[in-house]
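Just dropping this structure here.
By written order: A, B, C and D. Residues from 1 in each chain.
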Amino acid sequence: MKPLFDAGIIGGGVIGLASAYYLAKAGLRVAVFESGKTGSGASSAAAGMLGAHTETEKDDAFFRFAKESQALYPKLAHDLLLESGIDIQLQYNGMYKLAMTAEEADSLKKRAEIEKDVEWHSKEKVQEYEKGITDAIYGALKIEKDGKLTPAALCKAFTKAIQLMSGKIFENTPVYKVSRFEGSHYEIETPQDTFFCEALILANGTWSSRLIKEFTRNIFVHPVKGECLSVTMKDGKLSSTVFHESCYLVPKLDGTIVIGATMKEGTWNTEPSVQGIAALMNKAVKIMPAIEDASFQRAWAGLRPGTADSKPFIFKHQGIPNLFVATGHYRNGILLAPKTGEMIRDLFFNRPAAEEYVHAFRMDRAAGVKL
Amino acid sequence: MKPLFDAGIIGGGVIGLASAYYLAKAGLRVAVFESGKTGSGASSAAAGMLGAHTETEKDDAFFRFAKESQALYPKLAHDLLLESGIDIQLQYNGMYKLAMTAEEADSLKKRAEIEKDVEWHSKEKVQEYEKGITDAIYGALKIEKDGKLTPAALCKAFTKAIQLMSGKIFENTPVYKVSRFEGSHYEIETPQDTFFCEALILANGTWSSRLIKEFTRNIFVHPVKGECLSVTMKDGKLSSTVFHESCYLVPKLDGTIVIGATMKEGTWNTEPSVQGIAALMNKAVKIMPAIEDASFQRAWAGLRPGTADSKPFIFKHQGIPNLFVATGHYRNGILLAPKTGEMIRDLFFNRPAAEEYVHAFRMDRAAGVKL
Amino acid sequence: MKPLFDAGIIGGGVIGLASAYYLAKAGLRVAVFESGKTGSGASSAAAGMLGAHTETEKDDAFFRFAKESQALYPKLAHDLLLESGIDIQLQYNGMYKLAMTAEEADSLKKRAEIEKDVEWHSKEKVQEYEKGITDAIYGALKIEKDGKLTPAALCKAFTKAIQLMSGKIFENTPVYKVSRFEGSHYEIETPQDTFFCEALILANGTWSSRLIKEFTRNIFVHPVKGECLSVTMKDGKLSSTVFHESCYLVPKLDGTIVIGATMKEGTWNTEPSVQGIAALMNKAVKIMPAIEDASFQRAWAGLRPGTADSKPFIFKHQGIPNLFVATGHYRNGILLAPKTGEMIRDLFFNRPAAEEYVHAFRMDRAAGVKL
Amino acid sequence: MKPLFDAGIIGGGVIGLASAYYLAKAGLRVAVFESGKTGSGASSAAAGMLGAHTETEKDDAFFRFAKESQALYPKLAHDLLLESGIDIQLQYNGMYKLAMTAEEADSLKKRAEIEKDVEWHSKEKVQEYEKGITDAIYGALKIEKDGKLTPAALCKAFTKAIQLMSGKIFENTPVYKVSRFEGSHYEIETPQDTFFCEALILANGTWSSRLIKEFTRNIFVHPVKGECLSVTMKDGKLSSTVFHESCYLVPKLDGTIVIGATMKEGTWNTEPSVQGIAALMNKAVKIMPAIEDASFQRAWAGLRPGTADSKPFIFKHQGIPNLFVATGHYRNGILLAPKTGEMIRDLFFNRPAAEEYVHAFRMDRAAGVKL
């Protein structure tokens, strides 16, 4: 007789893996279905910033969710190292959000007065810490708490840890069809076989809409292409992540600096374009002139799952039993993965979840949201 | 209003691309739907032998189809170079099928007596042409007409040529669902959009069964994993392709020798395994001892679409209008692509096609075939 | 007793390999000494244009030497394929030298009137052949005879052919010291061993000065860094090589377009810089706007051996027996390799060589040349 | 006027870099001369084991030196992370030396009784910790203190740290000649320029003999090629390094397992051979059967600097002022780098160094050593 999984997770990106990981740790028998290799899509294309403070300026539910998720990482990194033997390279070196105009400087100074964990640094002070930053800045907001990690390592660590807890990871396994069978369990049809599971977690990012609308009215998730490149500096060093507008420079533990990321709607292409890479190079040189002489290493691209209000969908379906959705994490998948995984686990076990998150990430959240 | 394609081809491997190419050359407006990148599956993993004589020892329909397909390559290579600017590296250096036992020698000598274009070479004669072949051989069958090419280049050339004839290639575009709409045209549902087309060609190899069974009783196509490696020799040279049992050594125009291929049923994994690569290395060294000192270059794997009788399915559906199938080409996709493309084109235009091929590759061909 | 090579060639770039190849074909026992791998320096970094007409506008000895060298390639390509099994991908699709100003147009029109094998094409005519070229051009000079090939393949083919003629290729073998021993033969000191040879050919490009000055007054060869990138176009195609000033777009037989090359003096760094790659991208988009959407493939760099008058040194030393020099080929190594190899062979055998070439490429050629 | 470096270090492998690093930290102005890129030779090819206990079974000077060097790593890793931003991935998971025969078991049990920090584990106990180890073992010696790191990261971290302390790293800079000038300083002749320095440290591994013999009687250092491959396991995990004879399996922090290493004398070839990789695969499968199904990742090779007694040379020359040698570290370069760097620094400053190390690693140490 066929095995019946407790939970089938559709999508082996960081959100699907995090959901599977927390469910497996809670003792469930899980199966992850991934059409390519785990972490091969948007997850690995990410630069790996944990930018809770950089993604929003409002103290709202999303911001609090992001901060809670960020706070889960130190323990998670430790657990994953022990469980999987893989180091996700978590680091807390802080971030600088640059002010390149007087207006931007004013705005950032105001944030520094109001918010905790952020501080205004004058140009001189910024350059004391980060010698290579351009003279053209007015100063920068220092964000202490935001860290970074290596996304590909995170996905590998989740994958290995799930397998070692007897979870199944089916790679090269696109899901053709999902159906609720005889009012009791789900059937997941794949080229390899048809699998059975009690609960279903839809976590396939940019490709989420299809399966969701089989069950319910649709959720609109669309691709937003992001391109990145990496370089190594011959002289000089960057310690903190530094960013301005949508160009960020993220120093990694192997000595490279990742420069990202473009934002392109309406394309499903996953290769870095000449235009995108050239634009990033130009912006990076404006932020840190010595990047001009840095050695180019490589370039890549990925498709982020965008939503109308740039917030994710994380909910238990109200009408259909044991159906969960975790998708639309846009450019925040790495940041939000641990808290999303915990929330899916809590929803699964009907544990009390924070009302504001249930409200903020439900499918029918706002009249203004195009669903 | 939405464009209506004359033909929608599901699958951007070499069979789907060949079908689209010949249809586009006949003046049709085609669209190819590929879940990854064109040619990224079994097609690019192939070693690129055009082994009409190596794949069968019977003079049957399959053998004649293979020889006709092989004969189409010189013109096709020329056309593709002019149309796309890409060289598929077609070469006719002949092949040696080795006899490693007295029994094998007898069997090959008999073939040499009966068949055209093949000749028995004594050990001494083989070693005169190919100095590095092992002393352990009894001789070999020289197969003059069989050639080789570079599969990845073939797929790129088809892709570019189709695009330049205004055909559309949709990469990163898995097909969720295909339905025949209002008795008139097909709708192809993808994450990007829903597309319309008059005719449908199913050519998605190992993944073919699903869509076919939406329309008709199923065709059983299953994955047969093949692993390969490439090496470069420090001293010595190999001119012809040389093989024994399922281990072949294929010299390429860039100086590498491709060594393949394993045959593993029942797995969907697409990464080369330690066991598979080690086994190929051991066999190759037995065939050509100096391979021992060759430099290892790289290893890879792919999934061939296997069928019960190891023959492809190429047919126009008898009950459903404008539905065509071209799949199950197993380890012969590169060899059979041109003739398959032509046959699909001829079936499309209701041109008279060779009765024996229609019969040989129809879906319900033999009582003994498990469908 | 130790073997005595007829000729020891210092440098396994395209010039050293061509010299060794022609000497080996003449029946000599040759040895090539290369500190890294053959063809791994400037030779493989080259884009592979055979631009006899693009490198000079004067009908001088250099120009004639270049044209003769170019004319040797068809036979050489054929021979190398037979001898080594490696295809150097020689192609003659012509080149376009673009006029982006009225002044440039005038100058090119004048060349078209005077020179053979070149023709002025109006903007309309250019765009008829090459649809993607920018509207900003005034027209272009069509250069029919200039071809292109794949430099890395050329170096591999030379290497394999030399080995199969019993020549020795010593890779990973820097030459520490060369000395003329007892007035009779040369000793080549390397980490592996000390080797003996009758004649010495110095062909180590950017690194040539050192060994030359051991014997004679110095020849000044300095590095000129060149950076390149490759892209693939999603739509459209480029058939001819197209260039303006020092930015050229070279379509290759595998469907990629190589874009090169920067010119940077005074550096020994061999990695592509952010600034260099960004500059090339910007220039390429000006020449062919659709490059903007092309997929970036990779970037690389190499060091060309520059000389004061940008002409090579190819000579037999007048005072020291059996000492030959072939270096300083700057950005023309691929173009000039066959004729340089032949000239070294002819000098070796004291065959009559064209007086003008002996004069043009001798070490003490011009008062104005800084040696 | 030209700068005068305090110390010129010939060789940018891990030993040269470690020497430069400790000298720079002591306040000296250093320059490193490297013919390729730093860490690109034997250093990066190493698997990164810190096997003080695995390299010797005698409690001699070499063993004590190795243990002291190993003990320096925790602080060094911490310092390098702060200074360079690069994590050398130091890990202490212990090692298992396997007993595959009763004889080996006896021998290891005896070691367990005598030595500190090592313990005999029965087969059952080994398999409790490392589930995948073969049933064919008799048990294993658990070596607690030995760790591992990522050699390429170590070399990058040293390089960056030296640069940030104003040290100069000259890459692509072979040293043609070194001469002691006017009895006062050294001149280092390179293709880029001639550099001056007060002291000279010869640390160019396999290539050391040449420069040393310019000054003094020769030290014999010869290449011992080592080949490695890396794999990832689909199921199961390896936590400790496990080895038997010269085949070790080293789990890395990114989830791969490095399998090494062959030992081949008398070759300067740096590419992995078919024979070498196949042999390692076969041995690894014997140690851990599930490796059979692991995915092959890549293969590589490097040349270790071997000496007659397999011990390094680390000394200040007695006759020539300010001349230091640090070479011949064979397969222990990573392990011995920190202590070697410290010893070179101490010798430089005439600080008291341990007599036994001075004695053990001097150039004329033993009558029996072939120098």
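Definition applied: contacts are C-beta pairs under 8 Å (C-beta built on N, C-alpha and C of every residue); 3 or more make two chains touch, one makes a residue touch a chain.
Values in this document were obtained by computation on a predicted structure and should not be read as measured data.
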item	value
Any chain in contact with subunit C as well as subunit D	A, B
Greatest separation from subunit B - chain, by CA centre	D
Computed distance of Cα centres, subunit D from subunit A, in Å	39
Inter-chain centre distance, subunit A versus subunit C - centres from mean C-alpha coordinates, in Å	48
Junction residues of subunit C, two or more chains touched	234, 269
Partner subunit D, residues of subunit C touching it in the complex	35-36, 170-174, 176, 189, 191-192, 206-207, 209-210, 268-270, 303
Contact footprint of subunit C on subunit A as seen in their complex	231, 234, 269, 271-275, 277-278, 281-282, 284-285, 291-296, 298-299
Contacting residues of subunit A [partner subunit D, same complex]	81, 84-87, 89, 153, 156-157, 160, 163-164, 234-239, 251, 253-255
